[in-house]
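Each of the next two complexes has chain A plus one more chain, namely chain B in the first and chain C in the second.
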Partner chain A sequence: MNYPAWDVPHIGSGWVIGSIAIFHVMISHFAVGGGLYLPMAESRALKKGRKDWLEFLPNHAKFFLILTGVYGAVSGVGIWFAIGLASPEGTSTLIHNFVFGWAIEWVFFIIELSTAAVYYYTWNRIPERLHLKVGWLYAGASFFTLFIINGILTFMLTPGAAWLEVAGSGQEASRFFQAFFNPTYWPSLFLRTLVCVSLAGLWALVTASRLDGNKQGALKTEVIRWSFGWLLPAFFLMPICFLWYLYQVPESQSQLLGLGISTIGSGTFTQVTRTALITVMTSATILCIAYFVAYRNPREFGFGYAVCLLVLGLAATGSTEKAREMLRKPYVVGEHMYSNGIRKTPVGEPHISEVEKFNSEGYLTQSLWATEEERVAWAEFDHAWNGGVQLASETLGPQVAPETLRRGELMFQGQCLACHTRDAYRSMKNFLRDRDLTSIRNMLGMLHDYKEDSPYRAFMPPLVGTETEREALALYLNEMAHGGEQAQPAEPVHQVARTNN
Partner chain B sequence: MPKSSSRALESPPPSKVWTFLDERLGLSEILEIARHKRVPQHTQSFWYYWGGISLFFFLIQAISGVLLLVYYRPGVDAFDSVRRITYDIDFGWLIRSAHSWSANLMIVAVFVHMFSVFFMKAYRAPREFGWWSGLVLLGLAMTFGFSGYLLPMDELAYFATKVGLDIPTSIPVIGPIMGDLIRGGPDVNENTIQRFFALHVVILPALFVPVLMFHLFLVQKHGNAVPPSEEAKPESERSSIPFFPNFFAKDLAMWLIALNVLALLASLYPWDLGPQADPLAPAPQGIHPEWYFMVPFQVLKVFGNWFPGLTGEIMGMALFTLGGLIWAVIPLYDMNNKNAARARTATWIGFVVLATVIVFTIWGYSAL
Partner chain C sequence: MDLIPSPDSLGLPAPVWLLLLLHDVTQTIHFLFMNFVLGGSWFLLWLHFGRKVDWKEQLYQRCLSVLPVALSMAITFGIGPLLFVQVLYGQFFYTANIIMGHFWLGLLLILVIAFYLIYVLKAKSGSDDRFSSPILRLTLHLAIALSFTFIALLHTANAVLVLTPEIWEEAYTGSLWGTLLSRSEFLIPRYLHNVVGAIGIGGLWIVWIGNYRGSLNASDQARSGAVMSLVATFIQMILGFWYLAALPTDLVKSLMRFDSTLGWHFASSILVAMPFTVCLFALTVIPCHRLLRWITSGLGALLVFAMVVFSEKLREVLLENYFTLAEWKVDTQWGPILIFLGLFVFGLVVLAWIAWALWKGFGQPGDPSEEISS
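After this line comes the complex of A and B, so read on.
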């Protein structure tokens, strides 16, 4: 435990990232797609000599600049804060591998933001051709921001065999390009580009909906129908790109989706399938509404409907991103680091993984977040443990010692908190509601043993730590779920409690 | 003449199937009538969709309810059959979730519809019967909810119904007789399920459908009301669109969005089934009715605390009944746009009722 745990009550740290990221993705993809939309629309207007289009486009550009340049940029930084707090080990791995990539990314960000401002503020102030060139420069820069971040995002799902060979050796940066152009890089880039294009159309419908259908009927009709066209490539090509993407995802991950589809009928299907189905459903709805309400009836297409489309777009984007995140489980970096920051691949000397290391030496041995008194109490606990079948109950009080609970809490914070909360989102209290202490121990045992046929293996990391650390976690979870009421099973006496001192 | 800001959607040339059906069924004539009907267009038009959304959720309930009937067994097997629907039958979980979620969403939509009608003054002459039939539909929808709530016969359903039925039973003289009649005896048991089942699938639909038809007929007859701000404009400044196909297409789009919301809730948050009801077990903590009964529940609780015993309950019920009556007779008080003082008072009553609903619902949940 090199970093403090970020304990966000009720919603968990994952949802802090999620709630920023879903909006950010929607706007950052618009920044890329809109970067194509604006110069293409301007070019079209110039070729056809359409003054009304040239009067409309600065309004759209203003909206675009404010949304992407302010909210998009700020929320992007917000994601960095959030992931740094929620998954510091994972973030550290990314920084160590891709610091050069991010440097390039920031160069493109600066070009992107500068050109966006120049593009808007120079409407009708510089020659038309030059203005258009600024627009194309923006489009190129914004596309390259996607080109780079896509490498880093896809690396997290499929770092690739070449990088995994050197993972944990300190030589990871030597495989920068292999890690960057990893197996899912190209299908993901195509997918995201299609999303960018469709979001450009969707956001343009919002601006176009503000046009007065009575006074600017012809313009509104044309803009809406042209913008609707931007939605189409995504809807026709995304299924193909998605299959390509899925083909590149390791079987262990993609089978989560397959398993989910095969168990829909019984209602036990996986969350990743549920969220993926929402993507399909909301996307189809967007197309239907955009066609029947906007395309077929553009003059009456109002702001309310545009907002409805946006909300549906948000649901589609959010569920896609959530499905992508869930597809990565149980890893934060595929086959290298589990979602709780514990490395699967060997690190340093001796050449063993953190799983083995923590199992033999203890997970909390190096923890910076325990006091000396607590460590002494833990040592006494370990000394008295005697293989787990103990203890002289007459020398022990009925309550679990606070130091033991603290030990369990640190285990919980380090290994569970990345995905679970105590009482709300993926609530541990709910999961453990019907389990007594023995059952909790058995479940933790299964997670620790991590056998090939374990049902948890597909989406949960192994539980690491020594036997006594795991026992402390069991007692802590029992305390959390039942207030410690069932902490004293009858046989065998398996109780660890405060000594009467 | 109000201006027709928009033209109808262009129709493709008629197909052979259309011609075949049109010659025999006279579809063109029906469409012509639909095209003649116009819907006002203004800044408050959004609220026009909520009646349609309520209807959509009702249709979902009717369809999913029929599907649930295939496997549901009232009586002593009620819980087992719902357990089987939820866990054993393919897509049973989805049908049950869709049924339960759409019931709740329908009540939400009906409430939104009711308050939007109220604040747009759409209860004024000649639409009084539309208001009253709407209130009857709301009452029936809530009774649907109450009767359906017991049918799974899990722990929460059992105890919530028991508590719910204790309220009318406490009325002096007629209360116990009424309670026994509803329950089918002194306790909630399989006889109660049979009665609630009959109420839920036969009696209530038999009452609901004709009232709904009457309500829709009145909407068709009087058309959509416009809010006072729109009414104040000269006719020439008002705009409208044809009901068919323009408004109809938008209405269908709203239905599609409603379907998305329903599917999202049903698939991400499938309706739970609690443990089987055990009448001998103590009632679990925090027993409460469905959210749409939280206002009367909390009102009675508050009055029960202020005036312990029967007095509190009677006072609470009397107040609630009086409130309901005032709400119902509003069209007779604020009859037209001639009396501004009455219009303002009615609007204030609307705000007070809306605030009461929100405050007491939140208060009820936070006091559990």
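After this line comes the complex of A and C, so read on.
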């Protein structure tokens, strides 16, 4: 544990990232799809000599420009800030491996933004052919931002054998392209492109809904029907791409999903399955509304419905991203680094993984965020423990020493906070409400042993640290869950009372 | 106890000089845009009081149209240095971020709000309602300018934390701002140096805007920017001394003896600053002189670059006892680097082509700036 912990009360750092990410994904995917929509619509209008189409498009383009130039850029930076705060180790791995990937994406983003601005500002001011060229350039640039970021996102789920082979050896840089075009790269690219296209149709429906159905009835009908067409490819091709994607996901991960599907009858859905189902259902609803309300009665299709579709789109996007995140658990970089920044693969010399290292040397000996006093108290605790004497409860006060609790808290912050909060999202208090100290110890024991058949393996990293550190965590969790209550543990509590030293 | 996380075991994907160069160049571009955002938002507050005068009203409208574009560019070009600083100094940077915690993320929230307020202000600033609800507009202006000024403080605080691992523990466990104020000698002078510097370069943007096609009293417009720049530059010199005085004594001494590269970097910034100041002075006299404008702006950009390079060097020296960039293991990814550089050139070509397209478009009758602002 190198970095201090970023402790976000109640919602947890995961949700902070998630809530920024949902908007960012929605906006950026729309930018990609919209980048394609605009020049296609424009060239269609030009070919068919439809001047009235050209009146509706600039508005759409302006909306775009603000959305990407302002919210797309800020939310993108927002994700950067948030992941740096929440998982510095993981972010550091990604940036050191892929900084030039991001730099390339950044060049495309600058081209995207400038062409979007020019595309909007030069409407009717430069020759049509030239204007259309700017539009295609915009479409190309925005697609390539997706092309690049997709490599990095999929890398996190499936770094691929070539990269994993050298992970931790310091040779990672040499496998840039293998890591980039990793096993899930292509299916994910297709999936995302489909999502982009359908989001573009969705947003076009929003703009079209504001056309006046009485005055511009014919135009509105046409635009809506044409935009509706953009929703279709996704609905037919997505399932195929999705299966392809899953096929590439390592078995241990896809089990998270399979477990849910095969047990639908008995009611134990995994969270991944649940969230994936939300995606399927919202998508189906979107298609129904879009068909029955928009396609069948385009003139009456109002702004309210359009926003409704958009919200459903947001839900679908959000749950898909969520499912993807869940699928990656317990890793931040598949098979290499756990969500809490602990590396599974051996790093440096001696050639042992951080898990083994922390187990033997202690997790908090690496923590730089404890005071000298605390360290002294911990050493005393260890000493009393190592003496092999089961400290009889009567020699101890009823209170656990604050230094010990602090030790447990540091363990908690370093190893659990990445996915849990104390009292709200995936609340520790809730999980532990019905567990006494003994049962907490057992649970932590299972998490530490991390046996092949442990149910926790699917979504939690192993608990690391020495015996006494784990004991401190147990005491801390017990205090958190039952603090203030008169919870009398069944076994003698190993404590170092202040009177003891 | 030594609080610094170990450098990432992956090492660097490119030689240090290349990463530093990329960092410094992108940081400079980011600053050039940011300077107008920060300086311009205060300038707008001042202009706002003079909107009854026609040329001020025109300048006001034009600056207000440029502001969101510059902000968008400032953010976009900020991504560059954000990437490269993480590669070079990740172990310091992330720690500083985490110590700032909610403030660091809050920075973006303030940014979004300020962005939004600019659009509100634009919507409320049509020439017809130029006399309406002055209190509201004043509040909006203040809120926008203060937001950017506060964002600058957060950035400076983060940069200062990166440089001072010795105060990390106290700042993390105790009061962040209390620690920064009491334990860091150079937080305040560095901050003021950044803000006043931004106003100095921001003024140059106004010289350009004032000289734009169709300006009423172009020389008045441009002069107001030049004067702002000049005044800020003078104040900047005093702040510069304060900043120097706040740095560790040994460091300043070696700076003055020129026995380190840091000294030469310092000298070169001063060398650029002098002709820059002279040109600025001339610009307040002949604000519409085309060549002078180009020269002054060129020097201004060069000065920002020199300051960025100096700042980076300073970071290396201040962190010397903890970590040096030479400690990084380097394993260069030439393939991706070449693709990046190739695309970068391609991007520049595209931007040039776009500029050409724009010029063609706006070469037609009608004043585009009025269109853009609508």
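Here is the rule we use: the second predicted complex is superposed on the first by the 477 of 501 C-alpha atoms of A that agree within 3 Å, B and C clash if a C-alpha of one lies under 4 Å from a C-alpha of the other, contacts with A are read in each partner's own complex, and residues count from 1 in each chain.
By definition in this document, a residue touches a chain if its C-beta (ideal position, glycine included) is under 8 Å from a C-beta of that chain, and two chains touch if they have at least 3 such contacts.
Keep in mind the model is a prediction, meaning the values are calculated, not measured.
Applying the stated contact rule after C-alpha superposition, one finds that A:281 touches chain B and leaves chain C untouched.
In the superposed model, A:101 makes contact with chain C only, not with chain B. Partner contacting the larger number of chain A residues, of chain B and chain C: C.
Of the two partner chains placed around the shared chain by superposition, chain C is the only one that A:2 touches, whereas chain B remains out of contact. Using the contact criterion defined above for the overlaid structures, shared-chain residue A:300 touches chain B, although it does not reach chain C. Once chain A of one complex is fitted onto chain A of the other, the partner contacts of A:292 are limited to chain B, with no touch recorded for chain C. Under the contact criterion defined above, no residue of chain A touches both chain B in one complex and chain C in the other.
The part of chain C that touches chain A in the complex is made up of residues 1-6, 8-14, 19, 22, 68-69, 72, 75-80, 82-84, 86-87, 90-91, 93-95, 97-99, 101-102, 104-105, 107-108, 111-112, 115, 168-169, 172-173, 329, 331-333, 335-337, 339-340, 343-344, 346-347, 350-351, 354, 357-358, 360-362, 364, 368, 371-372. For chain A in complex with chain B, the touching residues are 213-214, 264-267, 274-275, 277-278, 281-282, 285, 288-289, 292-293, 296-297, 299-300, 302, 304-305, 308, 312, 315. Chain A makes touch with chain C in their complex at residues 2-8, 16, 69-71, 73-74, 76-78, 80-82, 84-85, 88, 91-93, 95-97, 99-104, 106-111, 113-115, 117-118, 121-122, 125-126, 130, 134, 137, 168, 170-174, 176-177, 347-348, 368-369, 371-372. For chain B in complex with chain A, the residues that touch the partner chain are 5-7, 9, 41, 45-46, 86-88, 90-94, 239, 241, 246, 249-250, 252-253, 256-257, 259-260, 263-264, 267-268, 270.
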